[in-house]
Amino acid sequence: MSDHLLGHMTTLEAADAAAAGTVVLLPVGAFEQHGSGLPLATDQIRAEAVVERLADALGGAAVIGPGVPVGVSPHHSAFAGTISLRPALFVAVVREYVESLAAHGWRRFLVVTGHGGNNAALGTLTQELMRDRPDLEVAWAPVTAVARSAVAELEVTEVSGHSGEAETSQMLHVAPGLVRSDLLRPGTTRLDELDGFARLARSVSQPSVALPYDRLAASGVLGDPRRATAADGRQIVDEVVERLTSFVKEWLDT
Amino acid sequence: MSDHLLGHMTTLEAADAAAAGTVVLLPVGAFEQHGSGLPLATDQIRAEAVVERLADALGGAAVIGPGVPVGVSPHHSAFAGTISLRPALFVAVVREYVESLAAHGWRRFLVVTGHGGNNAALGTLTQELMRDRPDLEVAWAPVTAVARSAVAELEVTEVSGHSGEAETSQMLHVAPGLVRSDLLRPGTTRLDELDGFARLARSVSQPSVALPYDRLAASGVLGDPRRATAADGRQIVDEVVERLTSFVKEWLDT
Amino acid sequence: MSDHLLGHMTTLEAADAAAAGTVVLLPVGAFEQHGSGLPLATDQIRAEAVVERLADALGGAAVIGPGVPVGVSPHHSAFAGTISLRPALFVAVVREYVESLAAHGWRRFLVVTGHGGNNAALGTLTQELMRDRPDLEVAWAPVTAVARSAVAELEVTEVSGHSGEAETSQMLHVAPGLVRSDLLRPGTTRLDELDGFARLARSVSQPSVALPYDRLAASGVLGDPRRATAADGRQIVDEVVERLTSFVKEWLDT
Amino acid sequence: MSDHLLGHMTTLEAADAAAAGTVVLLPVGAFEQHGSGLPLATDQIRAEAVVERLADALGGAAVIGPGVPVGVSPHHSAFAGTISLRPALFVAVVREYVESLAAHGWRRFLVVTGHGGNNAALGTLTQELMRDRPDLEVAWAPVTAVARSAVAELEVTEVSGHSGEAETSQMLHVAPGLVRSDLLRPGTTRLDELDGFARLARSVSQPSVALPYDRLAASGVLGDPRRATAADGRQIVDEVVERLTSFVKEWLDT
Amino acid sequence: MSDHLLGHMTTLEAADAAAAGTVVLLPVGAFEQHGSGLPLATDQIRAEAVVERLADALGGAAVIGPGVPVGVSPHHSAFAGTISLRPALFVAVVREYVESLAAHGWRRFLVVTGHGGNNAALGTLTQELMRDRPDLEVAWAPVTAVARSAVAELEVTEVSGHSGEAETSQMLHVAPGLVRSDLLRPGTTRLDELDGFARLARSVSQPSVALPYDRLAASGVLGDPRRATAADGRQIVDEVVERLTSFVKEWLDT
Amino acid sequence: MSDHLLGHMTTLEAADAAAAGTVVLLPVGAFEQHGSGLPLATDQIRAEAVVERLADALGGAAVIGPGVPVGVSPHHSAFAGTISLRPALFVAVVREYVESLAAHGWRRFLVVTGHGGNNAALGTLTQELMRDRPDLEVAWAPVTAVARSAVAELEVTEVSGHSGEAETSQMLHVAPGLVRSDLLRPGTTRLDELDGFARLARSVSQPSVALPYDRLAASGVLGDPRRATAADGRQIVDEVVERLTSFVKEWLDT
């Protein structure tokens, strides 16, 4: 359990942390299907794992605020257990976290999202805060995409992504007890398994299309999670933590 | 760690749980000052402790959905670290949980709030769901107030409440490592310590008045947490769990 | 007709009343079924009766603002004539009353609700105003529940409540011409008339459940209104007025 | 007191009225300054007077629903006692009235507004209902403007309007006890009393400009209310009632 | 192409225009059916034609801001191609235009609407801005209705209006290339072609009723557009421009 | 002027286009500073230029719907003339376009944005529509970023972007008459011209930070627009049109 959880501090300790100019780390995730082998809370678990390691690496320079355990996941709504907030609602929640803490003196916030479906909402959040709260500095980062080098080294199937090699590897590293290794199954791995429009959408980066995952894979999985290893997961998480640590340190120097 | 956390299940396990007609338990709390000795997440920790014990008592008849770690706490906003959602926002979040899970087949929901400041919002939530989703059955319960007998037996100061004897006792029982016992200090303990309007408001149950806690106690504490014991905490938690278990069992029989 | 109705004053008289530091009384009610013998406006009529007597008792120390004739009544929507505002809408209306009058100098507001279905919404209203308007003091009170002693003395059936003994008695006292005494009929009077879940919900105070009244009683009535008497009604109303008068007087002294 | 007030009916009587295909009349007003001689509730009082007479003229063909005692009055906010709802809030309230009653079988609604400041909001309301509820027929009418002939016959000052000859006359007819005849004073009566932009705005019907009344008249009055007579008021009210009666009768025949 | 289009200016030129105290002209229209002979953008085209001529007549005293090409058109939604914004959304867009430009120093705004369906929304907009932005002066005007004299001289059928003589004439003058003259067909031209309620609604100016145009005319046209001439259109447009020019000049002198 | 503008079609032509299964192209832009040499409407002009060429390339397979001339531009609000919609408002407008046209039978929509500040909002829009309108297929694309090859070939300064080489080139190609070539000036061109946090933010792709442009460049320009050429602009536009044409053609075949 991290020593830097704001939720475990008293109000007096919180006052000290705010006065010390700490950065607030906010882990946000999703509550959504991750195939037959990963738990629904996968994205929140990975986000928390990253911010805990990040806070440790930063020493006393950061605190970990409350998470948002449910994100923007309408593309997974066909799969049991998925809960989804509308983008505007998700944004409103994170904004209340930021503005409540800003009232106590914090000025810098880094939202770490374990779920790519939150990216667009976080983009609009930072636009809104820039408009209404120019006194604050708010940054956000995804998890997997930050680990450019480690992810580039992975050997993945032609189609790969949600609940695939990279994500399963991370879980094997940070929460191995929650991975049903014996139940991991490949999902959609080749473009020619997709219907025409889905294949078109996955083949180009632009135009962007939002597609429900039950259209992409009956199991909800893209790629082959059986290839995942804890070692790869460690590489990814280490790179994310390293890059974010470096960013925050430089930030604190500005 | 409870075996009944929905977030730790896969989507396939979730589908089974929904099909089995389980009740969904939703622990909601607050992120707010709890004086010099208790952590900011106290209310969420107590709510989670109760629902985990409740789920255990119910065996496979319930699952624990995601929590809402931040509640309606404007009365604590003067104290560092407090985060507060507006009532309508809090309601919208819980509602999305309920409606998302209802889409997967769940029909019964019990929200357990560790924070009394959420009660009014939860009242409006159940009114809204009754109107819009008559197919669902949604109940909510506070923690401490359910333990009528145990609380009645506590010896408390004239003014007692937030972060006082009952709440600190519960924390000593469910999360003793997070209580700074050496830092516990009495807060406001007598009516004559209050200003006129605050005294009037605390003396009657009706009319109801919302008062900021910095007006009630410089430390944010009502009562004397030094009197708290883990044994009292166990009594309270046990009574809550017993009463809620009995309620849910009877509910499942209807 | 009360001398203290703000709506009957000119703007110049209103300016004087605000300058004098008067408390604003706001009567809110409901527009909903009250069985075969009471009118739809019953809750508003009782609220107005109480605030008029209260204003009289306070002399020039209070003014009566405009009412809200429709409240939060989704539980009665199966019965003809019922109109219901969503909680957020009801709150927004009362808030505009309060904030508009605050702009003219009033600082103290007491909302009196003749309808218990408004309680949760009023709870969130006072939380919101505490957050946004710490310069104001806003209290709210129900009608029947304030008359603890008088109500305790009533002889009522096992199940009793909406349109039952207490409410009908009040109407016989304050608006006898609107009571169809010959049409009063007992509604649900015993727990064993209820279905399982409804019986469970009525048997405990917690957890709280919102139930539509057509599930509780085909007639929409709980209890036996034939037992109601104007004398009992007078006792209830007198106690409410007395308690509220005492509260406001003490308030004005703080 | 009208026999046609829905609020005075029981739910059983309401069911009968709905089944009979009655039109619902909804009187809406304002809570705003009316100079030194008229009460704040003037517009609601006039609207209620008209709908009561209208309901009488229609016999059992109409019922009077609940009123909205506060309207859209930002132009009067500088004057003590004025309360104003934002247009969207006002619209939402009337819409809930209409949709709640539509659920019980009513199909035809006539909103009568004693306050011209509600006109634009009512215009948007009917557009919204046309879009969302094509099964309903919703009409709205102002009071004074409907009495074209009677108003044309009035001798009024060059500038005349709010709290002036026509409005005061109506109050002398329908609520003489609430008019402070001895306190009636002329307000702005000539264009050259206005500042340049206000004069421009009052001189043309288009473009339209919204102007605060404290800019138009220190007293908030346009015209000379001392010229008002109860006889003129009766002419106006009679013409309004006659025209609306004729409209509703023809409507019921379609 | 007008020299006064703000969208064609650089930010430096915009700064100069704001500093010079120019009036901002905002042309708003609709995107809706205009029968078999006129294009969907007819109302926006006419509004732009008027503001361009108006800006020319005012020399450097006005700039033309961005338009709103879609308006409030639920009454035309049965006809292909029609797009409609809800009134509150339309208001929010125009308000953002006004408030964004006010932040750069502009204080005076004239909205010109080519579509009568926007009138009510614009009425509520000016009420809202009066309340929240008393430092601004905001006026709005329709197009056709301003040309009182020219319109009075037109010979029109008993029922005439949307896509009829006046509107088609304007299009023949300002955008003849977009009029399919050979496809112009008379729509509803006599009251006795209407059903009972529609006839009633068109026969009186009050009460006001919102009616879908597919109920008024199968073709969506009221009147006989074959009678339209470019010469009549010029008369109408010239009168509108003249009246608005005179208004703005006088405004600038206040 | 394109032959494919829906706004220039009659409702009958629109009905035919919808029945033919055409794709709707929606050009959206911004109304914001573009330095000393480009007009405020630059982004809308470029978006319209692209969709017109795209519609031409697609022959009768697409129609061009109404644009949204103002986008999400809070980062430019310090510069005169900039107008900005909040993300949620921008989303609501585009959504009304899409849903209104869907009611007439269209099923496929491609939003082309000339402004990168709209990307996040468009991302949330497609998530919302996926949730609420699974019957529709909605894609969106930026302009410059689609021309990967052409942009990669440009020689640009170390810092380059808004109003820089690529954007100015496009304007020289599509609207040369609106470019003030003699007034083009280099803006910020090197990272070391930026303050620490801005430099950090521009140096990494993640974490993402929203920064106001007055902090990035006094002139609002990133890069050296003097290097822009119409030939480069043609390359960019041609590549965008080609890629989008290919996408839409493949889409229509699915």
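Lettered A, B, C, D, E and F in written order, each chain numbered from 1.
FYI, contacts are C-beta pairs under 8 Å (C-beta built on N, C-alpha and C of every residue); 3 or more make two chains touch, one makes a residue touch a chain.
Just so it is clear, the model here is predicted, and its values are computed rather than measured.
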Completion exercise
Copy-to-copy rotation (chain B on chain E, CA atoms, range 0 to 180, rounded to a multiple of 5 degrees) logged as 180
Problem - Matching chain pair for A-B (criterion: over half of the contact pairs shared, by residue number), options C-D, A-F or D-E - result: C-D
Practice task
Compute the distance, rounded to whole Å, between the mean C-alpha positions of chain B and chain F.
Solution key: 49
Practice task
Averaged over CA atoms, how far is the centre of chain E from the centre of chain F? Could you give it in whole Å?
Solution key: 28
Handout entry: Numbers and ranges of chain B residues touching at least 2 other chains
Key = 77, 84, 86
Exercise for the section: Enumerate the ring members one after another: first chain D, then chain E, then the rest in ring order. Expected result: D, E, F, A, B, C
Completion exercise
Note: in the complex, chain B contacts chain A through residues 5-12, 14-15, 18, 31, 33-41, 44, 65-67, 69-70, 77, 79-86, 89, 92-93, 96-97, 100-101, 103-105, 178, 180, 183, 220
Problem - Touching residues on chain F, where the partner in the complex is chain A - result: 72, 74-75, 77, 84, 86-88, 110, 117, 119-124, 126-131, 134, 137-142, 145-146, 195-197, 200-201, 204, 206-212, 243-244, 247, 250-251, 253-254
